[in-house]
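Each structure below appears as structure tokens.
In the two complexes below, chain A is the common chain; its partner is chain B in one and chain C in the other.
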Partner chain A sequence: MTGYRALARATARAALTYRFNLLLSLGAVLVQLVALLAVWRVILAQAPVNGFTWPQMRAYLLVAFAAGTVVSILGDFRMAFRILDGDVALDLVKPIDYQKARLAEALGGLWIEVILIGVVVGVTLAVTGGMDTPAGPALALFAASMLLLVPLKFLIVYVSTLACFWTQNFMGVQWARLAVVNLLSGALIPLVYLPHWLATAAQWSPFAGLTSTPALIFLERVDLGEGLTLVAVQLGWVLVLWFGARLVWRAALRRLTVNGG
Partner chain B sequence: MRTIRLYPRLLGAHFRSLLEYEADFLILAAATVLMQVVNIVFLSALFAKVPVINGWTFWSVVTMFGAVALAEGVGSLFFDGMWNLAWQINRGELDYYLVRPYPVVLQSSSAAIGINGLSNIVTGGLMIGAGLAHSAIDWTPWRVALGVLLLISSVVIKVSINLGTNAACFWLSSPSPMFAFAMHQVGDLARFPLSIYPIALKAVLGVVLPFAFISFFPIASLLETGTSRWVGLLTPVIAAYCAGLAAFIFRRGLRRYESAGN
Partner chain C sequence: MPIVEARGLTKVFRRADKGSGLAGSVKHLFARRYQDKVAVDHVDLSIEAGEAVAYVGPNGAGKSTTVKLLSGILVPTSGEVRIDGLHPQRDRMTVAHRIGVLFGQRTQLWWDLPVSESLAVLRDIYGVDHATYRKRLARFDEVLELGEILPVMGRKLSLGQRMRADLAAALVHGPRVVYLDEPTIGLDLAVKDRVREFFRGLRDEGTTVMLTSHDLADIEGFCRRLVIIDEGRIIFDGDLEAVKDRFARERILHVETTRPVPLETLRSSLPGAEVTLEETPLRYAVRFDRFAMTAGQAVTVLATLTDLADFRVDEPSIEDVIRRVYSGDLVLDDTGVPR
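Moving on to the complex of A and B:
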């Protein structure tokens, strides 16, 4: 356990050392927040669309921002390069579990991300006006959903990074993942706006749990029963991906060739 | 003349090495196409419910997204090496460039080839083509010439911004192009009509980092959409200004360069 805790602390310390880079790395999610806020403000000024009013859409986008920022100080680039360089061999000889170690690193930076989210949400609300929070039970369910989002997002990134064992290329895999996640999670546009078949597929995919589920619960667009189902789907995917990742990892290790010393 | 002739040959060397990794090329191409498909799905979902945003229709916004993709594509296919500048400075690799009889900036920009640029050029071109085909403008020879001039200028602006922001690494001394990348992302804001943003952002995108001249202003001029149609005619001027400024920043930066000392 101490080993994992040390890794978690190391991530946080590294993130704080390169503060400037940390802020810049938030850029993509922040730019998307600003652009979408501006687009929807103009559109919804006239009339609600698909039942979304401007304050609701703003809350939706803020939840999407929070969901997009959590678990982003992730060593996925480092992990990818270690796999591609063969340095991963050094990780293999360490007496800790590889998957848990990466999870510990992801959790290490969490508190920094929460502070950054607090600042951005605070500033946005200060500039554009207050926001309604849901009633007690829905709020609790929202919190549960946000908590599940952390391992879920980690696992999706982790599994896609394991693809480096096969592809020798990380950028392409990462771009493809970002594009798919952005659309199917509802981060780019709420799923109800998508064609029905696509929305349904996205709803049951692991990606919906990355934005849509917590956001819909927060806005109380789903009742408690539906909300519980959505959170259960999130939990189910966390379990499937956690054990699925182990299988992928086993197959990946058989592929691994490290040259030289 | 020799400078121009050598450039494709420098890139060609990287291209040949790239061909060794066929799967890489396919993955990158597929990923960039996927990103544009997601953009189109997003826009069509958005415009399915609201036909017009501040005078901009689905097809005119697709044209803007296409212009950005085209400019980025040219930037990565022909000038991807710029993104390595931070690393080259940090490692002292510019030493080699400085002693060769070829402009340092071109050696740096040809130091890599982003094959994803190719798919971005193709998809961007298709988006622009589809957008223009759905617009109701009369194609006179003069308008075609204007369109070509505006698109070339928009590409020049994008490449110049890449160079200028990457050259900032001479001062930032970070081994990664994080600053330039963050600025590149700010440019994503300019894929939407500028009129939706608050005044401060308009100033940033129109004046400080003229991303709006890559897509919004030239497309507004060409399609005669929106309220500020004439501003787009300034695009070639802005392009010349950006190129000059980027070259100036690079030259000043190069004077600060002091190797890595090994």
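Moving on to the complex of A and C:
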């Protein structure tokens, strides 16, 4: 355990080294958040669309921002480059589990992300007015959903990064993942705005758990029973992906070629 | 029981065989063709605890691939590896504690952390207790002068500093078997000397070392056993000194005379030796087989022809022998006898 804790601490410290980079990328996300808020404010000024009112959409976008910021700063780049460079060879001779080690690193960066979320949500609420929070049980379910989001997002990023063993390129993998995740998670627009068949498919996919599920629970657009089902789907995907990732990893090792040095 | 054992170890890489140009690449999308490249070909190797083995071969011979197979990084296509009787993939965790790996061209330091932090993370990953860790660090510091680089960020290290820090990183857990793959590449002479001294210390403490290097000075005076690999196959495995005694028979006598002597005169009085002029006037090189003639005899003959101002005898290094093996000049079998 100490080994994993040490890795988490190392990432937490390393993250601070890149604080300017961090602030810049945060700036980019903020611009997007502000733009989305502005657009929806105009669209929803007259009447709700698909049942979303302006305050609800604002809450949705803030949850989406929080969900998008968690497990986003570090990790996948470093992991991808180590795979592409062949430095992953040195990770293989360590007496720790590769997957758990990467999870520890993702968790190490979490504290900075939580602080960022706190600041941004706080400022937004201060500028645009307060927000309703759901009742106790729904709030607890929302918290559970946000917690499950951490391993879920990590696993989706992790499995897609393992694709580097086959593609020999990271940018393509990353762009593809971002496109799929943005659309099917409800990060860009709530899933109800999608065609019905696509919305249903997305709902059961692992991606809904990245934004839609916690947001819908927070807005109480689903009742407790439905919410429980959605969280159970999240949990199911975490388990499936955790063990599925191990199979992918095993295949990747057989595939590994480390050239030179 | 040997601590490292490989039997029939083979690794085949599949490489996409694309035709030339865009047409070839497009065609490859539809009809994939691959070429098999055998990097390591039925290698049998057995290393006893405490041995220091030099593993040499030309570029692309399969040295690094062998090291990666022996450390469990790569899965062999066929054949098997045992480290201390353990299977490096199945018992990855246990094996990891017993081996240390240094790839001269790679680093395991964190770019964005000071060296001391990187080493501390490794200490925790390997579960080394603090007292042992401090003791090891102090020992590394003696030879590698780590102290001055501990507070430096990984990305700000010079190559020599990085290699010293990486050596510490590879050995922080006190492994029983150490693979050193090109550990002195790109280092200046002073650092090389220091690193070599460190290796000797390791060996003297009973650590099993397998050293891969292009710099044969790394090997001389450190390894007793020499393994030569070429095109994925082991072409020699035996005692380093024996090879040297047997094949490094050539001596070169460099002489400086007080006045010019015709080359023909020198050649006719030293039959069996090869006499050449060196760059500066009055200097000659006499190349001879030490079993056909002694250096003393050569000097005596030359002294009767002219006054000698100076002379010096060069012994060939193991480098010369290996160079001749690489170039196909010399074929060795397993006992070191030319075929």
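Criterion: the second predicted complex is superposed on the first by the 259 of 261 C-alpha atoms of A that agree within 3 Å, B and C clash if a C-alpha of one lies under 4 Å from a C-alpha of the other, contacts with A are read in each partner's own complex, and residues count from 1 in each chain.
One rule holds for everything that comes next: a residue touches a chain if its C-beta (ideal position, glycine included) is under 8 Å from a C-beta of that chain, and two chains touch if they have at least 3 such contacts.
Since this is a predicted model, take the numbers as computed values, not measurements.
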| item | value |
| --- | --- |
| Partner chain(s) touched by A:I115 [first = chain B, second = chain C, both, neither] | neither |
| First, second, both or neither for A:A6, with chain B first and chain C second | second |
| Chain B versus chain C as contact partner of A:A232, first or second or both or neither | neither |
| A:A38 touches, of chain B and chain C: first, second, both or neither? | first |
| Touching partner for A:L253 - first (chain B), second (chain C), both, neither | second |
| More chain A residues in contact [chain B versus chain C] | B |
| Which superposed partner A:A14 touches (first chain B, second chain C, both, neither) | second |
| Contacts of A:V240 with chain B and chain C, given as first, second, both or neither | neither |
| First, second, both or neither for A:L90, with chain B first and chain C second | second |
| Complex contacts: residues of chain A adjacent to chain C | 2-3, 5-7, 9-10, 13-14, 17-18, 85-87, 89-90, 92-96, 253-254, 256-258, 260-261 |
| Chain C to chain A touching residues, read off their complex | 13, 64, 68, 71-75, 89, 92-94, 96-97, 99, 101, 103-108, 110, 112-113, 117-118, 120-121, 123-127, 153, 181-182 |
| Touch list for chain A against partner chain B, complex | 20-21, 24-25, 27-28, 31-32, 34-35, 38-39, 41-43, 49-50, 167-169, 171-173, 175-176, 178-180, 182-183, 188-189, 193-195, 198 |
| In the complex with chain A, residue positions of chain B that touch it | 21, 23-24, 27-28, 30-32, 34-35, 37-38, 41-42, 45-46, 48-50, 53-54, 116, 174, 176, 178-179, 181-182, 185-186, 188-189, 191-192, 196-198, 201 |
